[in-house]
Amino acid sequence: MPDPRTPLPDSRVSPRFAGLVTFARYPRLTDLTPAPSAASPLDWLIYGVPFDAGVTYRPGARFAPRAIRDASQYLKRYHVEHAVDICNTLAMADAGDAPVRPYSCRENTQAVAAWAAALPGGPPTNPPTRLLALGGDHSIALANLRATHTRLGAPKPGLPLIHFDAHLDTVDAVWGEQYSHASPFIRAIEEGLIDPTRMVSLGIRGPLNTPADLDFARQHNATIITYEDWRYRNGQQTLAAALAKIADTPAYLTFDIDALDPAYAPATGTPCPGGFTTAEALHALRSLRGLNIAGADVVEVLPDRDPTGTTAFLAAHIAFEILALDAARRTARPPTA
Amino acid sequence: MPDPRTPLPDSRVSPRFAGLVTFARYPRLTDLTPAPSAASPLDWLIYGVPFDAGVTYRPGARFAPRAIRDASQYLKRYHVEHAVDICNTLAMADAGDAPVRPYSCRENTQAVAAWAAALPGGPPTNPPTRLLALGGDHSIALANLRATHTRLGAPKPGLPLIHFDAHLDTVDAVWGEQYSHASPFIRAIEEGLIDPTRMVSLGIRGPLNTPADLDFARQHNATIITYEDWRYRNGQQTLAAALAKIADTPAYLTFDIDALDPAYAPATGTPCPGGFTTAEALHALRSLRGLNIAGADVVEVLPDRDPTGTTAFLAAHIAFEILALDAARRTARPPTA
Amino acid sequence: MPDPRTPLPDSRVSPRFAGLVTFARYPRLTDLTPAPSAASPLDWLIYGVPFDAGVTYRPGARFAPRAIRDASQYLKRYHVEHAVDICNTLAMADAGDAPVRPYSCRENTQAVAAWAAALPGGPPTNPPTRLLALGGDHSIALANLRATHTRLGAPKPGLPLIHFDAHLDTVDAVWGEQYSHASPFIRAIEEGLIDPTRMVSLGIRGPLNTPADLDFARQHNATIITYEDWRYRNGQQTLAAALAKIADTPAYLTFDIDALDPAYAPATGTPCPGGFTTAEALHALRSLRGLNIAGADVVEVLPDRDPTGTTAFLAAHIAFEILALDAARRTARPPTA
Amino acid sequence: MPDPRTPLPDSRVSPRFAGLVTFARYPRLTDLTPAPSAASPLDWLIYGVPFDAGVTYRPGARFAPRAIRDASQYLKRYHVEHAVDICNTLAMADAGDAPVRPYSCRENTQAVAAWAAALPGGPPTNPPTRLLALGGDHSIALANLRATHTRLGAPKPGLPLIHFDAHLDTVDAVWGEQYSHASPFIRAIEEGLIDPTRMVSLGIRGPLNTPADLDFARQHNATIITYEDWRYRNGQQTLAAALAKIADTPAYLTFDIDALDPAYAPATGTPCPGGFTTAEALHALRSLRGLNIAGADVVEVLPDRDPTGTTAFLAAHIAFEILALDAARRTARPPTA
Amino acid sequence: MPDPRTPLPDSRVSPRFAGLVTFARYPRLTDLTPAPSAASPLDWLIYGVPFDAGVTYRPGARFAPRAIRDASQYLKRYHVEHAVDICNTLAMADAGDAPVRPYSCRENTQAVAAWAAALPGGPPTNPPTRLLALGGDHSIALANLRATHTRLGAPKPGLPLIHFDAHLDTVDAVWGEQYSHASPFIRAIEEGLIDPTRMVSLGIRGPLNTPADLDFARQHNATIITYEDWRYRNGQQTLAAALAKIADTPAYLTFDIDALDPAYAPATGTPCPGGFTTAEALHALRSLRGLNIAGADVVEVLPDRDPTGTTAFLAAHIAFEILALDAARRTARPPTA
Amino acid sequence: MPDPRTPLPDSRVSPRFAGLVTFARYPRLTDLTPAPSAASPLDWLIYGVPFDAGVTYRPGARFAPRAIRDASQYLKRYHVEHAVDICNTLAMADAGDAPVRPYSCRENTQAVAAWAAALPGGPPTNPPTRLLALGGDHSIALANLRATHTRLGAPKPGLPLIHFDAHLDTVDAVWGEQYSHASPFIRAIEEGLIDPTRMVSLGIRGPLNTPADLDFARQHNATIITYEDWRYRNGQQTLAAALAKIADTPAYLTFDIDALDPAYAPATGTPCPGGFTTAEALHALRSLRGLNIAGADVVEVLPDRDPTGTTAFLAAHIAFEILALDAARRTARPPTA
């Protein structure tokens, strides 16, 4: 067997329940020798953002990066449906946790975005090393979007966005504050980071405080696929049409774990009954095959409400599915963006 | 925006995690000024029945009204699929808990029924203020049915019944006792409160002690839709036909949380594997649109077995869906029964 | 009513929450008078195997027989979909727990297989009393397969196998050890206990360490139905074709609880996101109607990770469904194999 | 080694986590051959009372006999402080569960008392086989007291009582009902079963609804030792004086698990902060050495609120300590009452 | 019996598990008729502060007021050790929750202090109605101290403080922020709200980041009683001496639940092994008898980490003990400050 | 401030809930530059042993090293009672996890001992870098004892042993196996690793299977201090005498978390009611001040049974207390063995 692009510990010596923890047992960025370079870049950096001061209901996502990494020890490398070994295909490392500002969502967004933008593999690396952020509450998506957008050279009109969520997260302000987990995508649209006409939100459902959230999306020509659209109406075709429009443009994928029904992901801050089963969500993710994912996040896991550990384990698995999408894309064409 | 019919606390002052608790932050009945009257009646009163001496297996539902109210703090007011703001449409209040008789199911049924019948908005209010009871075990449905039937003027041949449940609850007696959570609907049929030919039980599944339960339903021309009928056979059409037969007749809706699979509602007294997912149950509920719901209950939540709080939260949400059905009906026609 | 073939305690005296515990309140084997004999044999013996030294990740299944028996107290006897009372149809007893060897998977397999082969109702009883083993980790399937194969007269080319699982369990060795919960079926094929050409694995999904597991199955002409095959492709037809090929041959059914999605069965050792809902798994089981089940097991329940008790209860229910399949088969033809 | 008076399974074959469950792995009463007789009586019968309809707050104790038996599997036989092997000293068996009447505390008390009085080893066996009841709520103490009093020949003026509890349980009536877990000892005094002048309540603490409870005890010359008396004042001397007064008279010991602080026994129906540590309670129990315990109970365990299983395990251990007190007494004098 | 000063619901109609929730079932402030006045003032107002943005480790205390009120339903009114019925002695009401500012500890402190200062019973009521705040994290003590100090007429040199805690909470700043749960008492000293020479911290233990915390206290002549001082050295005498120095001066009592060992109060944000047992803490509290408590708080409960509910229940009980201290003081002298 | 001997991350950048996890945020051994050497050795290496195949009842300790490290993130560096900053005093690092052999206790003991003996800081470093092992079940103590004994030059007659435990762990064999968590100290005595005449076991209590365990200890002149000895008799003096006999000889400290009462450490494999409170155990540990601890372990934590996380956090704290004992010893005399 050829050397894998991402080496893992020898499980004959160190079982999955042993060893210091990194995401999926990937190398720490600081341990790589030689260090990654523009000539020999990494494909993905995974990092955590232990931050939850942007919540409007239940806090606790600050402990999610640790819990997701713990749960990720059981992840394996070969994806059955895509028929790809992601560690043979992708060079990946764990960059640790971003420097957070626990008391201010605005400051935290700035600090995390700046740190992430400066991670190895930014320009001139082309395509840049992609960033997968493990939240934290959904406010951290804005930070990773800023960093991803910057590293891609600030393309206009902003990145296409695939958005799994129960909520639209385009509320203008909560308690007078414009930076919170309710607002990342209104800010991202304002900042030109994402292109609302190529934004697709899947799994949306109510109840809402007001229909204003829906109106905003419609005014910006964003695509909303409610869970009922997906399961009982034409949501899957709507997604396919949106993907066709995105084509090969580098896009961003954000996954709020509350897109899943609370039976599958009880440990989240603003749960919403009536969402995806895990199998449906994985099927939806796998249907993205071909999408050029230039950055991603998995957010809103609250370990303190996860007595069986199911939610953190699911979040780790979703990160794996995202990486597998990129690996699958690469096995069918040259690894360029 | 016009004054809502049900005012809520200003969440800019009192976040959802703050404040003394009523169902969904609705006003207490005793706080309304002016008090509701026949000229200006409420549409719905929500009340709790903290009673569980009717159980045959696991007790604990006495704590459900408190747990459901706590969970309901996160409910919002706008229903996405029905496109209706229930607080703008319906005048609602929380009437507190009924006076229970913790040691006798028979006495409790009498006490709760008498108290509920006398709540504001009975005759001559027409239509009467509707009653949504939060159980308690399923025996409390008989009490709320008696009160609803009385307030409607004791219509013959009894009310149509939409019944979500894993069990038929038509056992004649358990341990020699005719009043328990296994028997509310056999008693209700005997008392003329419901019309078995317009009774539809959805989500039924086994195992059973004997097939006698099924025989009883068939003898009375009741409609049984097992979960397998719903998912894999023609259950949805059967329901549609039954709804057409009910048409606009004031009907009663009873929702035993064990209609859901235990993964979605683990906190219940007599769980039964292989039931509805939440999304399926919500879809079934939403398909009732147009039904004239004259009274309802949500029962059999056991907070002590709910480590993630998912079950109580789901029960609160189902209450919201029931209210939203009524709100949606009213937005399409004059608010008469 | 005729005397049931399996008598249960009178629930008017001893409620389901009362009494010393046996599986589903069936008699203890040692209490039967007269003892079963070749002239008057039992149809099924249920026994536990409290063993978990074969695991590769999380231990704890040694406590499963106790937890499943506790949960089984609530089981009832009449199967709604098959319309059969299993206690009227089948003579069953609980044989207690096998003598385990907690420190060696190889020795345990031998000890349990020898003990189970010698249970009452082996040859010359024809058909032999069938054995339903409650694990324990999946390594115990090899022991019950050996005993079942022996009691059937060691048929060649081995038994057809219906295998519900997330994993294939055909890894040659883990940490140098050939006997573990990752290897029961590679050993069973080598020993001639099962016929790989009539082996069907349902619910398989990844990730895997390597694609070698899939290659092994394909090389032996085994049938793999991934969860995605089942839900989104032609898996159900594939199963039907395999069942047609098996026809009435005595077959073995092994059910790893991790075939279910973790939302339904969180308490398991190597969970895997994206599996069957309970309703789907029960539907798949019920579609086996007609299969001549000569032996079975339900494995990989970890009670310490089951805060709601849902997983152990589900395992008990699956055992009931397996017994009901046999009861249903018998009601349509004479009770011979 | 001599044959033990209570044989246990061979743990070399059946580890403590294996086998069908009886209290502490003792034989089932129905399995003993020869059956116990007046000539060869048992010393103790242990039985369960799965009943909780006498509670005033949290139900759930109906599941305690099962949970305590499960937890008791880990009990061992040699008591370090008393230096006695209880299985060598005492002949014991598990009599299963009493026939309960789940819907009426009054009827249940009668049914359980009658059943227990008739268990093997009543008169003319002298001393009678003693009865250790595993509750159930504290109302079951009245039943076991009646049976014990009857089997002892109804001694006057009633039995001395050692009573571990946070509460006095001498309330006359709750919600108009005289039979509940708040009233067993007022009824027992009225019925002449216990002698209030030789009744000692340890661990009492508040808050109370009224001081009337204390007044009742004082009027009857009962001895109250609050937890603060025990820890910070002269409670231990008070107990010693009371024990001296009781001397060798056959006495009854009732242990409500809420005597312990909630940190040690969270799983109980009416917890009360500020009680015994386990070590203190065991020390108090051990200080009873010499007491002639003619009957006993351990009550008020609620398994549904016991996420670590600590409370049920503690209840099993307390039963062991009670039996060890009797074994220790016998090793120092001839085994007569 | 005379009318109680604080009427409770009739538990013959509404059991403790029934009814809309207020602290200990006391009246809501807004329900009192006539409203309290300077002529007929309340003795105590209890209110919640659902705020946790001041934490340095685990958030979640925002849900504590709700959890403590729920747990408080089981509280009773008569204190055994003080021999006082607090509802007969004190006029009390629940004022609901303060208006919080979830995103800024500094703003929250201002908003809560202003709201609390303006509650009924401030000057000219003399003594003012006392304020018992249910946190929230410990930062809310600063708000309640400000309000209490203001209502007392801003006495100099500030109030004596009795402080139960594992930590000193006199850190100058965390992550550059001077308002957090680590800093309330350094701010209170700076603002002149408390008099450090009459400040006693009980239960202190390490580890610490630096010895600077201890140095600050010593420099200000504050009294530190570590848990080891209390249990193994002369801590109890030190407290008695400090109380003698305080004499009858109106004082403030702040109770951080982490003063207790984590076995007793696991649900807290910064737990610390090796603290008080509940019985020891209650004994310490009871030893304050005679202290003139002019204001108090109970803080740092995190319901999401409280699987048995023990911590919230303990917090409610501590509030009861604080009120009972005041009731006991009044029964021995005229009810003046 | 001088450079600390063990540098920690800057908590102004990386809060305690952030960053990749090592024990107490100490450096990884592999990250140290320059690497430790005989000229500049480390004082302590901490490592994990994720192994639990030596258990006789509940498995799960294989996950303890990970859980203890996670919990240790909240540890701080300054010990209040010893008045020492351990990071300023001691050079420490986390060596990761030992290579385990999950299927054989005998092989695992050999593999771990060999690996640990070869860790940096063995001879000629004098004194050698000390080893603190985080179990794993108690069988791993034998491995760390072997490594420690070897690194010290195999002193005769073996090391003094301070042993906190509920059990003696000197059973010769279980199920025919001489290597298990019941036997580490009988093996260690046989191998000459420890000197039984200077072995002190604290916290011992029953029940036992037989008094043989006690006899073994007495025959070897080991010192047993039961919990009752410690709390109610002269156990503390017995310990002091034993410590005086040990004097400055390099000794080994082994801490089985089940020395604590289950209320404090519920998450353990063979819990035993009636043990130390945490405060008592910490007081006992602190009373060892002056002991020359040459190696240590903390074992028998089972994270799956730790719903509040209290047990893992306590284990981390005990490790801190052990290190603080060494730091305190060094501040009073030259740092030589």
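Note that the chains take the letters A, B, C, D, E and F in the order they are written out, and that residue 1 is the start of every chain.
Note that in this section a contact is a pair of C-beta atoms (placed from the backbone, for glycine too) under 8 Å apart; a residue touches a chain by one contact, two chains touch by 3 or more.
Please read these numbers as outputs of a predicted model, since none were measured by experiment.
**Student:** Please state, in steps, how far subunit E lies from subunit C along the shortest route of touching chains.
**Tutor:** The fewest steps needed to get from subunit C to subunit E is 2.
**Student:** Moving only from a chain to one it touches, give the least number of moves from subunit A to subunit E.
**Tutor:** Minimum number of steps from subunit A to subunit E: 1.
**Student:** Which chains make contact with subunit A and with subunit D at once?
**Tutor:** Common contact partners of subunit A and subunit D, which must touch each of the two, are B, C, E, F.
**Student:** With chain centres taken as the means of their Cα atoms, state the distance from subunit B to subunit D in Å.
**Tutor:** Here subunit B and subunit D have centroids separated by 43 Å.
**Student:** Give, as an integer number of Å, the spacing between the C-alpha centres of subunit F and subunit E.
**Tutor:** Those two chain centres are 39 Å apart.
**Student:** Subunit A: which residues touch two or more other chains?
**Tutor:** Residues 15, 17, 56, 58, 62-63, 102, 175, 261, 263, 277, 305, 307 of subunit A touch two or more partner chains.
**Student:** Just say which it is for the chain contacts: an open line, a closed ring, a star, complete, or other.
**Tutor:** Drawn as a graph, the chains match no named shape, so other.
**Student:** Name the touching chain pairs, would you?
**Tutor:** Result for touching pairs of chains: A-B, A-C, A-E, A-F, B-C, B-D, B-E, C-D, C-F, D-E, D-F, E-F.
**Student:** For subunit F, which residues are in contact with subunit A within the complex?
**Tutor:** 13-15, 17-22, 28, 30-31, 48, 50, 62-63, 65-66, 69-70, 94, 96-97, 99-100, 102, 307
**Student:** Which residues of subunit F touch subunit E in the complex?
**Tutor:** 11-12, 15-17, 74-81, 83, 85, 261, 263-264, 277-279, 282-283, 286, 307-310, 313-314, 317, 320
**Student:** Given the complex with subunit B, which residues does subunit A contribute to the contact?
**Tutor:** Subunit A reaches subunit B through residues 56-58, 175-176, 204-211, 214, 226-228, 231-232, 261-263, 266-267, 270-271, 273-275, 277, 305-307.
**Student:** So in the complex, the part of subunit A that touches subunit E is made up of which residues?
**Tutor:** It is residues 52-53, 56, 58-60, 62-63, 101-103, 105, 175, 177, 180, 302, 304-305, 307 of subunit A that touch subunit E.
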